[in-house]
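A short worksheet on the structure shown next.
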């Protein structure tokens, strides 16, 4: 188990290095950062001095490794535009994004697991078809469009929910639904498929042959096994969602790191973009790692592999 | 020995008599599969509209999607109770271009993006997946690493960064999406190739000393084709949605291209007062993606036997 | 029973969190909720660190300048300085107002002015927009309420800066906390006091009760003010419609009609001195052959129907502009400019003359709403010029221009930092600075003379020459002045200004 | 009935609707099991043995319907019992052992957990007593270090051990009847006999009724009191073990016994399935003898066979158009061919 964990962690680390390298080269293709830093008034000499100071005149791999070295120590540099440490900017904003992400994935799970389970228990029933309809619609509904429609209906027409900002929990209701709904189809399909498989499995038959109560069969024996892959997928989706929060945060004016990345891209503020890409990637990598470990815990067979 | 001992007087069993021919079985499964049917019908309709758009224009059914008329901007669609311009059934956009024509040509753009992205990402993913699945071992490890690296990248953010780096245009968007959306192809192709590799006739071909490319193309590829098609539909839908989201934030296709995503971006400005400018392209996008998804779902059910 | 009380408690808790907003929109609680931020948030509210336009709006609420420029007549009036006189070509003496207090109780006197001016003029302190302050040589205290300001050279635009970007800081407080402290808790003499700051999200102000010394800026009309940074204009409108905010200044011209039709709301267009232009790569850095040809540029100038553009898209009191500056600005002589009327036939003829009877392809760049560019492209298409549009974020586009120069044609604009002097725009773009893509030595020389002479007549003469050449050579095709569109609660007493600076503290509720 | 009959089944039928029509996998089976008695059901795959056992337990798939003229368990008619009432019988009074020990245990829980839960559900919710019983039974089924095994997960055990656990689990509440559905098919040949012997021994020890569904005719010969031969969903021959083995009458039975292990000659564990031909489709209206397409003695009359059994004196019965004498003659012929 320890060896497995260590091996997986090493691969995860390697992935982050490659991701950051790719982003670094990509973002340095886009614009001359010296011009961005210099601002509107910079003269050619200023620009040249900035270039020297930041080391933009060095080969890109050298720049990357010096960036990486600092990043590993938690120093992501300074925002070109706002002239503040990137770490401060992100740490001030990541809470909003995390809150949104966690709420959204919880929403997705709360909707998809019961729905998927009920659908699996009564395949081809009305509720199964309803669940399938939700899944098919959810997959085809552009998130941002759904978000706008909610704003029109619940924000403007009915004035039920606040539209923008993060002052209270009520502010998170619409963004949570908009973002969470996006993950619901995948999670629900997986719950349903897993549940159907598990309910037809031999050990459920055994449990029934033992005369266990339906509740015990469903919750103790079936759900736990069916939920293992759902948990893994939810972890992966959580990573995706953080990335998807860019649109949602922009629409609902939640000033999280999704919005920050959007704002930074508009300003070619490379250190911020790089740091956020790395953070999103880290989340994904760490979450998949955790999901695997959690799986190993929930499903004792896995760690043996 | 057994046959001599108990000579077989074989009748056709009921099962054999009842067993329909494979083709009629397929036909039956297709027509019993409503999602496949609905998906296919919508998809074909959109496809026909997209392909015939220039013909429609020539026939005068629709207009030039680029022809602007500032004096006739933001005209109401036909169902609006206020003043309606008979020349523009769905009204006009903010520079006075015919909205219906733009919606019709928008189908071309969306399908173009979906198809091209799917072709690019499908090629990359399939090559990676099949290679990994066929050779296994180190190769598989490397490919797996590449797949995981790709999955770790926040697609949307990196795509936005790439668009900023290379400038926004239709082909940049297609290329960027194509270079990012191959992961599912690779994952699925890898596992199916692994299964196919162990099939008896593939083993036989290997034992006969056939070259790997020959085996992959002749023996393995036919096996993975149906899954490939299913993944392709999913990724096509995905690409169309992502393009829309990118265009929506202004990091996608450039004006005046009649892309539905871009139309959503433009129409959004009027969402509270002229909601159709948002609702129409949104509905088109929704229908197209829905159709592709239904088609893909149905295709999976039709080609791969349901386990239940 | 237990369950019932639990449900009650939970409901109360949920309702509590939902309703615990700080202020309500509408006139009921003597508060004003403002939304701004479509061009990005103010990440640092210190006036000398900020470069954002909304930062200017913020600074006018919190701080005061020495001089007040009357926003309608552009006349200079006393503010923190009661009177002034010119001691020499390079020295001004200011007599300061007595009895003014900063928000933290620190009294205002010459020490504050001297400290502020000397601090900002020292390049080591890193004031972001050096052009605003780099003309100051030194400030000297003469008495407790008298200050001498020495300039490095004769600088005719000095009052534009002293009445604009240069705000006076409390010397004791600022020397102690510095820019970051000022960002956390801004202290000034202005009509609004800052209660709290949530960077890029929300600023809360309250009325400064000590602002009663007869400032021409006027006292605050509401007791409490909340500014919400909302990047997305549609979200701002949603909030306006839902009653979440009272006023926004970021909407588009089309919204003005629409919001105006909503009961309880009203909307207004106010022209600004922000000047839009099409820039051409006349210096041929992009290698685009046709655009390097004057006849082609003239053809394009005649092909574009600016009147229709203004009438249909910009609207309000916007108008076509023929000068590379805004006509109210000092030196901006409309008569000096070469004017191009809308004449597609002439455009076609010019194109044929230039050797492009069938038109040509060109890349067109902008960071503004695509519909403006699209309308322009539609006009160009009518004479055979096929333009393809690339819309980029402002900073990305500017970097591309400066760095690569691969932008043969671009629609951009400039707000002149709200300064009523054409040096704020024309000199920025045609004096061989980083944003000069025409690189005309003659024009640069005229502008330099105009910028540094203290003789108004000499300035006007040189500026007129520059205007004539810029428009004659068509380095720029000036387009129109922008309009700022405001949507607000109709109960609000709203006053628009041409310099793109809403004075929010002046807006109170109709009784 | 003189003996203490636990389970009495008359004319049990199972129908399952499928796309092609109605499937009749079990078509009128009758038997009874008494305390301490072992009934062996033999037949090819797909002949309805497993569905019969599931039908008894009330564990048929949702789409399947079960009908019977009589279905008495411990003197109680269980035909119309609700699921909840059936659940109360299962595990306590009737227990079942399945074919696939590898997948029949829940991978997510320790075997201790899975053993104890059935006892706690039915007998006593206390933990300690259940644990004691589990250890006792694990030792009983021949698992060493039983106490420490309780905390192991199924994947840590071999197939043979898992099946022993399954047996222990079935015995947890001391059932009156135990149904073992091919309990050794999935196991190594060497272990098969051990498990079957274990089952037989435990059955004697605990005086349970047992229904053993198996392929291993060798073990049938050793442990069965009664034998029931099933083909295509119905009984073709039944009777006391001795009688059926000594004088098989139905051509199908003799086909099966063709390869009965002769001591010293045939290996233990020989499979059935050496009867050529395939089992017919059981969809739709069925009539006549279903074995006729594979029978050496088939005639036109077979198509009209009503399906009534020919009873012999000692409870031995078979269903064929042939008279007992003709049948015995045919069977001897088959036996000679083999020899």
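Going in written order, the chains are labelled A, B, C and D, and every chain counts its residues from 1.
Quick note on the criterion: a contact is a pair of C-beta atoms (placed from the backbone, for glycine too) under 8 Å apart; a residue touches a chain by one contact, two chains touch by 3 or more.
Please read these numbers as outputs of a predicted model, since none were measured by experiment.
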Report summary line: Computed over C-alpha atoms, the centroid farthest from that of subunit B is that of chain D
Query raised in the report: For which chain is the distance between its Cα centroid and the global protein Cα centroid smallest?
Result: A
Query raised in the report: Which whole number of Å gives the spacing of the CA centres of subunit C and subunit D?
Result: 90
Query raised in the report: If you average the Cα atoms of subunit B and of subunit C to get two centres, how far apart are those centres in Å?
Result: 46
Report summary line: Chain-centre distance (mean CA atoms) for subunit A and subunit D, in whole Å, is 53
Query raised in the report: If you average the CA atoms of subunit A and of subunit C, how many Å lie between those two points?
Result: 38
Report task. Return the residues of subunit C touching two or more other chains; collapse runs of consecutive numbers into ranges. Result -> 234, 238, 241, 393, 396
Requested in this report: At least two other chains touched by the same residue of subunit D: list those residues.
Outcome: none
Report summary line: Flagged in subunit A as touching 2+ other chains are 30-31, 148, 152, 156, 250, 265, 268
Report task. Note which residues of subunit C are touching subunit A in the complex, please. Result -> 14, 17-18, 20-22, 40-41, 43-44, 49, 51, 128-131, 199-202, 228-232, 234-235, 238-239, 241-244, 393-396, 398-400, 402-403, 433-435
Requested in this report: Write out the stretch or stretches of subunit B touching subunit C in their complex.
Outcome: 66-68, 70-71, 73-74, 94-95, 164, 167-169, 250, 254-256, 266, 268-273
Query - In the complex, subunit A residues that touch subunit B - result: 11, 14-16, 18-19, 22-23, 26-27, 29-31, 123, 136-137, 139-145, 148, 152, 156, 196, 236, 239, 242-244, 246-247, 250, 261-262, 265, 268, 273, 276-277, 280-281, 284-285, 288
Report task. Note which residues of subunit B are touching subunit A in the complex, please. Result -> 35, 145, 148-149, 151-158, 160-162, 164-166, 237, 241, 244-245, 248-249, 251, 264, 268, 271-272, 275, 278, 282, 285-287, 289-290, 293-294, 297, 308
Query - Residues of subunit A defined as touching subunit C within the complex - result: 30-32, 35-36, 38-44, 47, 81-84, 89, 92, 148, 151-152, 155-156, 159, 162-170, 250-253, 255, 259, 263, 265-268
